[in-house]
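Just so it is clear, A, B, C and D label the chains in written order, and each chain counts residues from 1 on its own.
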Amino acid sequence: MESKKTLVLGVIGSDVHAVGNKILEVSFQEAGFNVVNLGVLVSQKEFVEAALETNADAIMVSSLYGHGEIDVRGLREALIEAGIGDILMYIGGYLVVGSQEWSEVENKFKQLGFDRVYPPSTLPEDVIPTLRADLGI
Amino acid sequence: MESKKTLVLGVIGSDVHAVGNKILEVSFQEAGFNVVNLGVLVSQKEFVEAALETNADAIMVSSLYGHGEIDVRGLREALIEAGIGDILMYIGGYLVVGSQEWSEVENKFKQLGFDRVYPPSTLPEDVIPTLRADLGI
Amino acid sequence: MAEITHNKLDWQELKGEREEVLAGWVTGQEVDLEDAFRFHKALPPHLNFGVRMAQAKEEGVTLAQPRAGVADLASHTKLLKYLQDEGGADLLPTTIDSYTRQNRYEEAEKGLEESVREGRSLLNGFPAVNHGVANCRRLVESLSVPVQVRHGTPDARLLAEITLAAGFTAYEGGGISYNIPYAKRVPLEKSLRDWQYVDRLVGYYEEQGITINREPFGPLTGTLVAPSVSHSVAIIEGILAAKQGVKSLTLGYGQCGNLMQDVAALQTLTILAEEYLEAEGLTDVEITTVFHQWMGGFPNDEARAFGVISLGGAAAALGKATKVIVKTPHEALGVPTKEVNAQGIRTTKQVLNMLKDQVYPENEQLALEREIIIQETRQILDKTLELGKGDWALGTVRAFEAGVIDVPFAPSSFNAGRTMPARDNEGAVRFLSWGNLPFNKEIQDFHRAKLAERGKAEKRTPSFQMVIDDIYAIGQGKLIGRPR
Amino acid sequence: MAEITHNKLDWQELKGEREEVLAGWVTGQEVDLEDAFRFHKALPPHLNFGVRMAQAKEEGVTLAQPRAGVADLASHTKLLKYLQDEGGADLLPTTIDSYTRQNRYEEAEKGLEESVREGRSLLNGFPAVNHGVANCRRLVESLSVPVQVRHGTPDARLLAEITLAAGFTAYEGGGISYNIPYAKRVPLEKSLRDWQYVDRLVGYYEEQGITINREPFGPLTGTLVAPSVSHSVAIIEGILAAKQGVKSLTLGYGQCGNLMQDVAALQTLTILAEEYLEAEGLTDVEITTVFHQWMGGFPNDEARAFGVISLGGAAAALGKATKVIVKTPHEALGVPTKEVNAQGIRTTKQVLNMLKDQVYPENEQLALEREIIIQETRQILDKTLELGKGDWALGTVRAFEAGVIDVPFAPSSFNAGRTMPARDNEGAVRFLSWGNLPFNKEIQDFHRAKLAERGKAEKRTPSFQMVIDDIYAIGQGKLIGRPR
């Protein structure tokens, strides 16, 4: 299909949690998306470049190991600089060290430039309908 | 020995918890007391009568099943009426239903006329020295 | 009193007694059997306890059931719904308060009133007699899983009349198991006969096509009760119940703590029960099992209590019990809140689910453990029947008199109390002294050897101190009360 | 780079490399080996990890060790003391943060500073390199049980230099187990060689009479890793370590969830390791085992998590692991507080204590399970050695290239990633596809049959969906991901 939307997927920073990433890849593919999976240990630069190169419709960032807060700072700015500042961007996983009040975490990451923020026990089926809606499909 | 002090022991009310009672009996005996064990399901009347009959030095009440609060009301008064109002009286076990702040429970039972109040995980060795002291031996 | 027999009571002849029983408290007047039958027949099958148990047995899964009861109806309903919805309880209880258990309905009434006034339960359970039929029905109707009456009542006739009429579909207890651990001066003849009444009532419901599940209380005093002792009691009560027409029977056993012994105990319970029931020609009874998580003293610490609870769940699953009665992390702290109670259920269910497709492997040691339990139980039961000259009820009375059945730490003056149980070097419950339990030399030698082995490992002669140490052990974080 | 071999590195020739390594961060200058030896020799034996492990092995008990690490020294010390005193931890960890693991010491420094400023840890562990030798020593000195460095670092040379000099007596990791699950683009030649450096350093300590315990990371990706795969890696890393002079070795295995398989895995791990080490003439190595409580996704609910933790404790005790690494009831919620961490330890210790005198019975199924693991592991290891022409290091590189060793869900591009593990109908981890694992027909048929059996029970053809279901299963309260 020509109309397939492209997602760039990856686990940011020094994070190596690979299992959720693998499942998301398979699930998004099965849901009809074109998935560019950068895997684990992905830098901000790699996200930006991949999004540019593939003309992506959305970036799906994972962070499981707790350093997400540090790792994503400046990502939205880098996207703006690259001229794709308004690309849709989701994040999910264990976004901070320890367990904090979810609404605080959500807020923090929205301010860091994410359109949607997902807690750890999120299943692919919890995300796909929203993603379709946000992408207008 | 002539000088043996006599303890009246029993589990008050409709309470049938027999294990702790058995252990207390054996332990107090081994510690050199003369033990009159009324067992479980002991009424206030039985406590008063046994104390009178055996010329007891102390009454050791157990209550494990949670109704202790209701069961012991009036016991001190009954002892006073029987002319042995100043007999030493201890209570121990699970004194109320559920778990409440210990200091509150202790206070409540002191007001109900007990000289000492013990929480459930009390071991015989936690009590015997104090008992000796209170009885002046 | 006529000499007790195990024969079926004549329903017509019970009329007079029933009237007396129902007059025991004002709510007795609410009992109307015809109406009760209508109510039961209208209940959907998923609310029938026996049906649910039979289904679980068929599927080979273990169901989880908590204990719970508070004084007033609204709070009790809320509690059970919480355990069902948030705890995931497969089966529900209604634990009865201790005054009701001693038929002291006035005191229960006072406790109930005071509880309502103070806004907290001053009773350790739900006074179902005081609440009466109509109120109890409201409870049954508001639940979506079956509910059972759990108590500890030597004379439970009125309680049975009221709760069964109200639509409860399961009733715990028996003439031995709700007397010996729960009373001091109630003669066995009396409690056996009062429970025959209950069983006959259940049998009468069965005659109308209404299944009421009956469950003798397996763990007895909950404290180092060896499997053969509790099996003997469970099987006798099973026979006595079946003689009165009970068709759905759940036999119980309380965790001892050695996994192999616990599995062997669960496996032998059904084998032996079927054997002895069949010998009496009682072949149309559905037998299921219940495993009780550790019934003795618990650790104060919640985290440690979770460990004890989980091990109990594991033994239940590996022994393929039909249901497990769940403890809570606050067992050693007091009657739990609904939240804490639900935690115990969820921990248990996680363990059950993770083990449900696994088996405890057949092996020689397990076979030996089963053989010991089978031989011991047969020796007790056969001697009991002999004493009763073929009558189980009479035999039971005489067996207790003779110490042929003897429950450790029981408060009843009709229990000999001459045995002394203790753990062996692997933590299995054995006998340090077996009193008058009619064990043959082989069995006696077995116990002697097992305890000598432990004594040697601990460099001490087995004595009552060992028993005391074992009583405290689990509460203090271990299974065997080794000297420090 | 010269072709890798498993031969012992020449300590003198390492001089230059050591200088480079120590120059990697300013605290490298603090390392003074003579001073380190003095410090270690002055440590009382009860603080030596290897000594404690050997003692536990001798006594046949299982020790409990948590994971824990926060950014700043004072908080980290407080945390470990709490786990020791309130949790009853027998052994302590120091979990290193993820920046340090990737040698990003600047980022670790930033995280550390920010953590101190904000008064909460922004790092997921303790940045030991940044803290340096003197600070780490303060930590070691303030504890009363042995402490180990736990991390996930492909190039852990500087971290080893600093922490060993600081008096840590145990060091986790290895050239495979801290690369394949923890990195994406680090060639095995590089990580193997960097870990030979670490092992040679440990060997040098051993030459001075100082025992440093080494532990390959057993669970790898923690997600449905079959025993033969993790055993192969553990044994290779054990051989590689011993070749460099390591004398105290703890081999690991992560709980799969089927009790029989877990017990068989623990039993075979030592048997196989001794066999393969002996074949290399490495006979003076003390081998102990570590069991990791379930390393995959946990349930969110604490009560359910306690159930998973307890089952792990039970498997560790019944499999007679020398130690168990403990999870916490907040595993699925985030890095735990010290209180929650201590709860996990206490639950585990209750289970360990209650099972420590019990055995998992020998039986045919267990023997079969052992046989499968032994055969599979031998097939993998023998092929590896063949590929390496007798050299384990070279063989490892080639085995990974060929998919002869293949870790499921590993992020490394040097891992073939062609296998697909799934649970069988009893929950044991089997292979749905074994990629290039060099299994003979018998083994292949075994796995095929096992998965066919499950497929039949679930009325579906085994596929990746089954794998996904299994990944979520424990988190969702069950062991096997059955279709709903």
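Annotations for the structure displayed:
Going forward, contacts are C-beta pairs under 8 Å (C-beta built on N, C-alpha and C of every residue); 3 or more make two chains touch, one makes a residue touch a chain.
Keep in mind the model is a prediction, meaning the values are calculated, not measured.
Both subunit B and subunit C are touched by no common chain.
Between the Cα centres of subunit B and subunit D there is a gap of 55 Å.
Here the spacing of subunit A and subunit B, counted between their Cα centres, is 67 Å. If you average the CA atoms of subunit C and of subunit D, the two centres end up 45 Å from each other.
Across the assembly, subunit B contributes no residue that touches 2 or more other chains.
If the chains shown are joined wherever they touch, the resulting network is a simple chain of contacts running from one end to the other without closing.
Contacts between chains, counted with the stated touch criterion, involve the pairs A-D, B-C, C-D. Partner subunit C is touched in their complex by these residues of subunit B: 13-16, 18-19, 22-23, 26, 39-41, 65-67, 69-70, 94, 96-100, 120-121, 123.
The touching residues of subunit C, when paired with subunit D in their complex, are 257-260, 299, 301-311, 313-314, 342-351, 353-359, 361-366, 425-427, 474, 477-480. Of all residues in subunit D, those touching subunit A in their complex are 98-99, 101-102, 104, 107, 110-111, 114, 120-124, 152, 181-185, 221, 223, 296-297, 300, 330, 332-337, 409-411, 464, 468, 471-472, 475.
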